[in-house]
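Per-chain residue numbering starts at 1, and chain names A, B, C, D and E are given in the order in which the chains are listed.
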């Protein structure tokens, strides 16, 4: 891990309050993830990649915005790792990095369709209107 | 009678301190006055009195009596006393000044306590007349006049001046040393001050408290009074009253093993303690009631009996304000003394 | 005043090279109480010991200080020497001037100075030593085994085999425990009943063993060698000694809709029942909750059909008191409840089952007579998903799961998967695992066989969710190695539920004053060296009550516990350690602080009448230490605020005297 | 100003005495002045009417008296306990110091007790009367004709300023309404000391403890110090002493005393109330309480009967003493 | 005039089963540490009363160290857990009173850790030596 990676990792851990070494690599988070197929990197990979400092690819990845923030992974993780909080932190970092909101609240209505779950709307606000 | 201005007081203190250590009440950080060694910058407290009485100057809470040093199986005996130095205690109130008389009658009668005697010999007591007695004062009950304090030198304080009057040879000597800093004066101002004090004294809530019911020969009258039970009921058996009392004089002698020898010392003890005068058969006074009774009977009956009617309470009021459960000699006198008359 | 002899050992040059032994002997001569001092090349030699013995006689010594090697080396030697010379052995103290002085310090002046100081400390201590005599207590030569599973059975058999009487207390109507419910056992795949039931019969037939079935321990008093135990024999409304176990009553009982615990509720039994065919004792039991006669006073059919006249509706719980020398805890385990694992739909679908339920489903004596059929529709399942570590290794929620590894699941799941594939080659079997743990003889080979020979799909990853949909169970899981999510339509999902100690263990531990860990497993006296003993003397641990265990391990621990019990019962008397705590009752406040820190439950309280310092009489609660149970750690002495509790041989006064001597 | 009145308490006590529920009443007796209240045992209604008092100076915690009085008295003792006193009561029960059945606890609400020293600071010496009037105290002195009015809250004792609980954790009967456990700033002063340099801390305690006259008031009033015989009174304990010979013995007495009550001290504050030398002794006990809370999780002694004190308990992953220091603070 | 080199006085309480044996092992392996360390054998570290620690300082010790079995290894199963709590609180209190932290220590030394015992003692002696004489908890009467 180079210095930059270390700093990034530290920041994410601080923001999320997550301790990735608690993960015992069971994959239940990914097993339970409803957005799994949409994601390039899956919840368990977030945990291991953050732990190994491999954060740049995560920041670049669209996976960040595929997470529904449904917290199923948080609820079911047997070790209290809370992957969703990690995803959230990386996402926040990405948003901050870009210096602007990704999606304005008023735009949300436009992207809505019948298949979009209500939960997504709520999480969209959580994610984009920070 | 001599006087000096209050402004010159530091110079006076410096002069006294020049060839004898000067101790005087100084406000501590908790606002309570404590006898402290004077040095430049130390300010005399305006407080009425100190929490600890000045008896410790002559009868300290703890003092080494003798030391034994062991080397292998030999024992060397050492007298730990150093040559006593002259010292002056300034600011003693009338009540406390009287307490020295009470202590003297214990320690200076045959066999004389040489530790105490030596300190008394080297100490000069400068009393200051009270200006603001408080509700807990009842010195008058024991015939003490706070406007006429005893001691080697008596001092009266007015708003701007101090008036000095020597009562003994030691006091005379001290005033001689201060001749340059003081001037001869009349006692008019002092008389006015005394008047002021007396007018306050008459307004005190305990002004009418009388000790007449007590004194020599009253042992049988009070010893079995049923009131002792309720009076002592909530006593927590601490030694606060004893240790703040200017006249309590009980002590214990104990040995401390230093590893290289033994230090034999004495320390204050309290008749309120369950371990007081404990002997192989146990405690002579089995209950707190008996211990409680002992303290007050001693002050009001036993001591006067042996000392020409002198009570061993001086009405300083320390125990009134310090007792954790607010039980005190005034309550005892009122309860026992009042009932006994009926 | 003591008369102390100081004996300084040279230990050849081991001590003498860095410590001026003559100077040490000389310096210690002038210590208080010392009347004799000598040095010698080898104090531990016969000649050295003789020197001590002679000095004791010649100088009338009352105490001995030996400045030599570590007391861990020769304290026992010199205590024997003292005893041979007529002194109490506890009047000996050792100053360790070899391991802790001559061997670690380089120059003679500092080595000598330190040796003198250590000697002075020992002298200071001996000055305060008092003769100590170890207490003795008799041993009741009978053992109690609590729990009649394979652990309890094996322990009881082994103890009985050595000739000591044993009682087994089992809370269920029959002994056998969990093993009786199993189908096959790994890694050999022999049938559980085939190997267990002969042992059950052995127990029943052994005249040294009594079985108290349908019974519970209700009170335990006393201590090692001398336990007084009260056993509550629950009313089973059938006279045990009369019932022949013919089963007619069971057949005729009209109340047949009671969930059958033995088959984990997957079928029903009658109100009067015998749990299974090979039950021991093979005696019927009436379920009072279900019996119409007992509830409403009507029916009485079983009584009518019983030719032996064994039914007794008026039977009461019976309290039996017995004395024991040793107690073995073998309370075993249970799978944890799956109710809280919503994601696996255990409560929603009958086709999500636990592994123990799976055992019953595949057992010839089970609800499906051994045919693997789905509980919901009794169809043959074609796709079976096994989920490992359900509730094990779970740190997130204490109410749900357990933080520890349950240890046995990897192996039984491999067994289940293998047996399924063996019997029904048309099934697809998936095993989702986090790690596969197979440390054990032939264990890994067994697991590999499941994969290689039987084609079980082992997938690294966990099942995230099971959703019942129509007659299928949608299983969503991750395959971590292929980094993809799997969606499997399963017919049956089997959960490897974590195991936990039986609920009866906690109250039992309280009665025994035996310690438990936070998971309610009994703690062992030492995790490595005394694994089958509880810290409470006379209490031994067998089987899963101490931690998750498989059958071979349980049986070996059961045997080990038995051998410890035999070792104890073989003694006629127990000699205690005299260095035990004792309380000065006059100073004791009865505050219970000491009792709470005592790891052995050696402290109890008595109400005693005291003449108080004021000569009144008061009844006060005071601590009393049982010297047969106390091991002398001293934890209580510091917990005691009044200093009433002290430790013989290491009294506060003695330790402070050592401190003083060292510091002076 | 207290919300309940003397008369309410007397009525309650009189009825319980009258119907034979209790045989005596532990309460407060009026003194010479308005503030020198003495704990007392009342046996009759007329005694109560004559001497019983309740007001802003009834700070004394009566729970400890139960140890000796339950041994002495036949029948049940009615004891009036303020919320903070009930913690001591429970702690004494936890330690089996008296029989619960022999006490009849009447819980009384407390609005905080006044400290006469604070009254004197604000109103001057020579107090001739102190009476409550609404949320104020009216104080007259020997030297001023005009009475001085001070807010009752401005003269509260330190322990009442930092009141930890207005909730009664034990009672047979409650007069008035029960309050809540409060979040107080009681550890602020400890934290302030912790933030000092060791030299400053040393100087602070050296100065405070040097005032100690070993009168044992703190020990004898302490509801946790109910030992049949205190180690400091016992020559065979090795620490016995009657007076502190030097600063070491001053420290030793207070360290050992604080340690002996650690985990058992309910922070009732009686030690500081009674100290004739005004040593802030509660800061020693609170240090242990704060440490216990920090290291082992919050624990309030006396909150429930039978709870296991932190010093007779442990977990496998307790802090190491070294880790305690790594957590911060300065060392020499 | 020759200044005498300052030698601290260290009292070490060692539990009989682990740390005392660890000290013995240090001896067996001839691992040296300063002679300033004087060991007192106690059955278990939980036998050490805070009064003993203060007593040592009173009598002239400059440092006090308590050694016991590692957590989980206590011969008496739980003694060292109590020690850990007691000493954490005691040391914290001493620190609160302004007593130097490095004068007290609690260390876990197993019977196999002779090297750790010696290293611990070397380190402790070094730290105490750096602090110099114990002034803040001294009793002048016990000075020679």
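Quick notes on this one:
Here is the rule we use: a residue touches a chain if its C-beta (ideal position, glycine included) is under 8 Å from a C-beta of that chain, and two chains touch if they have at least 3 such contacts.
None of the values given here were measured: they were computed from a predicted structure.
Omitting subunit C while holding the rest fixed, one finds the remaining chains separated into the touching groups A | B, D, E.
With chains reduced to the mean position of their C-alpha atoms, the one farthest from subunit E is A.
Using mean Cα coordinates as chain centres, the one most removed from subunit B is A. Pairs A-C and B-E differ in how many C-beta pairs touch across them, and the larger number is found at A-C.
Centroids of subunit A and subunit E (each the mean of its C-alpha atoms) stand 51 Å apart. For this pair, subunit C with subunit E, the centres built from the Cα atoms lie 35 Å apart.
Taking each chain's centre as the average of its CA atoms, subunit B and subunit D sit 30 Å apart.
Touching two or more other chains at once are residues 50-51, 55, 59-60, 72, 78, 82, 86, 141-142 of subunit E. For subunit B, the set of residues touching two or more other chains reads 256, 258-260, 274. In subunit A, no position touches at least two other chains. Pairwise chain contacts in this structure: A-C, B-C, B-D, B-E, C-D, C-E, D-E. On subunit A, the positions that touch subunit C within their shared complex are 22, 24-33, 36-37, 42, 44-45, 72, 76-80. Listing the residues of subunit C that touch subunit A in their complex gives 343, 389, 393-396, 401, 432, 434-435, 460-465, 476-480, 483, 485. Per the touch definition, subunit E reaches subunit B in the complex via residues 59-60, 141-142, 144.
Interface of subunit D with subunit C (complex): residues 71-72, 94-97, 226-231, 234, 236-238, 260-261, 264, 308-309, 311-313, 315-316. Of all residues in subunit E, only 50-51, 54-55, 57-58, 71-72, 78, 81-82, 84-102, 104-106, 131, 136-141 touch subunit D in the complex they form.
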